[in-house]
Amino acid sequence: MSDERRQNRAVVKEDERVLVYIDRRRSKVVRAGKGEYGTDKGYIRLEDIVGLEYGSAVRTSTGKEARVMRPLLIDYLMRGFRRATQVIYPKDLGFIVLLSGIGPGSRVLEAGVGTGFLTATLAHFVGDEGHVYGYEVREEFAKVARKNLELAGLSHRVTIKVRDVREGVDERGLDAAFLDLPDPWGVLSVLREALTPTSPVVVFLPTTNQVSKLLQAVRAGKYGVDIHVYEILMREFQPKPDALRPESFMVGHTGYIVFFRMI
Amino acid sequence: MSDERRQNRAVVKEDERVLVYIDRRRSKVVRAGKGEYGTDKGYIRLEDIVGLEYGSAVRTSTGKEARVMRPLLIDYLMRGFRRATQVIYPKDLGFIVLLSGIGPGSRVLEAGVGTGFLTATLAHFVGDEGHVYGYEVREEFAKVARKNLELAGLSHRVTIKVRDVREGVDERGLDAAFLDLPDPWGVLSVLREALTPTSPVVVFLPTTNQVSKLLQAVRAGKYGVDIHVYEILMREFQPKPDALRPESFMVGHTGYIVFFRMI
Amino acid sequence: MSDERRQNRAVVKEDERVLVYIDRRRSKVVRAGKGEYGTDKGYIRLEDIVGLEYGSAVRTSTGKEARVMRPLLIDYLMRGFRRATQVIYPKDLGFIVLLSGIGPGSRVLEAGVGTGFLTATLAHFVGDEGHVYGYEVREEFAKVARKNLELAGLSHRVTIKVRDVREGVDERGLDAAFLDLPDPWGVLSVLREALTPTSPVVVFLPTTNQVSKLLQAVRAGKYGVDIHVYEILMREFQPKPDALRPESFMVGHTGYIVFFRMI
Amino acid sequence: MSDERRQNRAVVKEDERVLVYIDRRRSKVVRAGKGEYGTDKGYIRLEDIVGLEYGSAVRTSTGKEARVMRPLLIDYLMRGFRRATQVIYPKDLGFIVLLSGIGPGSRVLEAGVGTGFLTATLAHFVGDEGHVYGYEVREEFAKVARKNLELAGLSHRVTIKVRDVREGVDERGLDAAFLDLPDPWGVLSVLREALTPTSPVVVFLPTTNQVSKLLQAVRAGKYGVDIHVYEILMREFQPKPDALRPESFMVGHTGYIVFFRMI
């Protein structure tokens, strides 16, 4: 290992969140130092990874190699978070974030927090100077979302309120709004109060009927311009150099993404 | 307009970048105060928009309504940037950013800057505390990229070097690397020096042959784990509530996205 | 050339329909013996191809190689037929035919003949013992369809009636029905009279609203069981062995395919 | 029921193949008269359906309604056939048939019969005057395919030979060839002997590497013109009028379809 490479080294500390990666089906975000990560290919004692350099290989109890890695956002989401509801997948999360134009410092509204996948993603990108105001009517979902945000170290960037967003929100001058609700048309006038003019609104909707109804409401109430409806399909390939091909099964649908600028 | 709404108001200042939106085909990021924005539906004198509130409607010389809006990242990319090369589209940009886990404060490498679409996107998300080190062998592309970054107000977050990344990079301890090169396999050892262990590498490649060759090189040199190959398809719908349907034509392919964690 | 291969030889006769193929953009179904096939790569005198063996190479006036081939159904459709309306593409035609279960000897109804792409496809597969009864309200479309069927040598298997199918059809005991109409829900009771029980009905519809309305009508009137809605996407690749990749643009949408068994 | 409708009536005869349809997951092609069709929603005694009109509703032992229908080709394939290998799905079968231009009277070659899905489809469309010559190296697959063809009443249109097609075929002057083999490049010279000039060849291949290798071989040996590579994606929707949306999961990949005209 070269000198430069050595400078990049860092070691796993007690209580740090770490991705233990055996293979794509056996990998998990764990807390270094406590308990075990058990799989059908053997277990790893989590005290054994404390003090290891990131990137180190360790062995499970049955001798299978595992890697100790820094968790990325996607690892927290897909290999760490608990799920209590239907979630928004990475294929949609990335596009939603890009569309919305949010970034470090943005203050945003989310209605329909659910399990918190979008919440965590927004919190990740707004940074410590931004903030996410999340509304969720069901206490049990808010609880799961809070746990997930805690796991990802993002809690301080999020305020979750257990309230029906249709009754109004406390915030004003927000930069963007994200809705994952069955009836987003009932929230448009609330959004108009909360957002700065021309702020983006992004709505995630599973059925074509809901998309039609939302488009109708946006037009009828003259709420938006630059209206778009998108659908994202993601295909994963088997990463074999000599037998490259898409996976046999894929996610065929999660939801449609409606975007407009609030006026 | 309510009191709260009024507080959200802001006005267009001289020299500010503004999105003038007539319809989805006639909209552009312009500089307030100078010259005109001309279309086949008439022109708008850009001194006339100075002092207007964001969200205001103005009229073109032929009486067509236009909106004055704050540009989002996607507006800069699709309605402002000049193109000198094949670009990476928003459907891929969003997913690439999400996969990579970068965010406020990240220091990242980009090789193959081209027109700067990905550069600007990375710069947007790393914020003022992060930085993008972009390598590009062709001076004429670097020039276009710099202009585009200037337009989007992101220049201070980016250092573009007109150099062949295969000859090595100056940076160390970077958080992620993004490659949009025809022969990324030649850069793997350079990346290993520059990245912290387990950092993500994201490579954008147009052909299946290139994907196979890269996967081969990653395996042969034991450069990566958690290797994935993705393809993103985006369909846009005609946003008509009573005649909802996808557009007749869509982008069928841009490139495959290869992801792995550098070890 | 071997003896066996020689036995397979056949020569182009006067007046026969022939595919002249220069490249994928310059290829056409022509009548041997009359006139010229002209392209920007030179022309071919069609009397010169009479007497040639199928598969022969000829030269255009500028020296470019062309092949003389037997036209397939898809050549008639895509390289021979005139288009007067939006047509149903091969990606959908193949699936529609497969779903419907029609084959040699089938007697079928088509409503909304249009340009005759589906008509010709059905006529091709039902053979000389089957028949296609096509209803089309607009005389000008019926005329184009008849010309196209004539070109493909399929006229004798088709009866086109310039009539509104909603007013009833003359046929009884049919094996399948195909609808390419904006308001197929108005035809369901007519179909019930014309089809044998449990015959398949296949409907082609561009918008989600139409699909919803048709499904509603089928349920309300208890017209069908085994109801399915499909969408077919076709991607074409650039057939380069060393740079294999999908084409940059593709057809993103033509229509949804609704299938059910009439009861 | 009207008089015309009555004329269309036909009754289920002893030993006839019948589709018993309870719902989309509980439906099967059975032989009328013998045994039972058992499901988790009760069973149906198959002697009870003899003499019923097609389209009749019957009840399972637990009172669930079922329909007696004439099986279509797709019912035989998806609700009747036994599977011994990876099969070619309807989305691909329809397009393959359409591309190939086969129809009533065609004489075709199939190499790699497998479970017989494509074989049955080809046999269906070539009719009693056409014929399918199927080559399959593994006796156990040939056996399954024969059983499946028997079920669909198509055996008399097919000759299956348990032989390696690379060693040559007996037939000459064939109209089309279909290959579902891992190494189709080894068969090209055999095909050239068996096909009439300019006949279509359709090859089904799972990986991009195989597609590249085949394209290379076709070019190197000057075997083909009008070369195309396709991929078909099919999405099924939940057929709910008020909640129309694609199914959550779909088949992401089966194989690429390579087409060319043999010269």
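Before moving on, here are some points about what is shown:
Order of writing sets the labels: A, B, C and D. Residues in every chain begin at 1.
Assume contacts are C-beta pairs under 8 Å (C-beta built on N, C-alpha and C of every residue); 3 or more make two chains touch, one makes a residue touch a chain.
Since we're looking at a predicted model, the values are computed, not measured.
The chain with its Cα centroid farthest from the Cα centroid of chain A is C.
The pairing of chain A with chain B is characterised as same-residue: of all residue numbers used at this interface, over half are used by both copies. Here the spacing of chain A and chain B, counted between their Cα centres, is 20 Å.
Remark: chain B and chain D have CA centroids separated by 46 Å (rounded to whole angstrom).
For chain C, the set of residues touching two or more other chains reads 208-209, 212, 235-236, 242, 244, 246. Listed in rising order, the residues of chain A touching chain B in the complex are 2, 4-5, 7-10, 21, 24, 27, 53-55, 67-70, 72-75, 90-91, 93-101, 103-105, 121, 124-129, 172-173, 192-193, 195-200, 208, 211-213, 215-216, 219, 225-242, 244, 246, 256, 258, 261, 263.
Residues of chain A touching chain C in their complex: 208-209, 212.
Against chain D, the residues of chain A that register as touching in their complex are 206-209, 235-236, 242-254.
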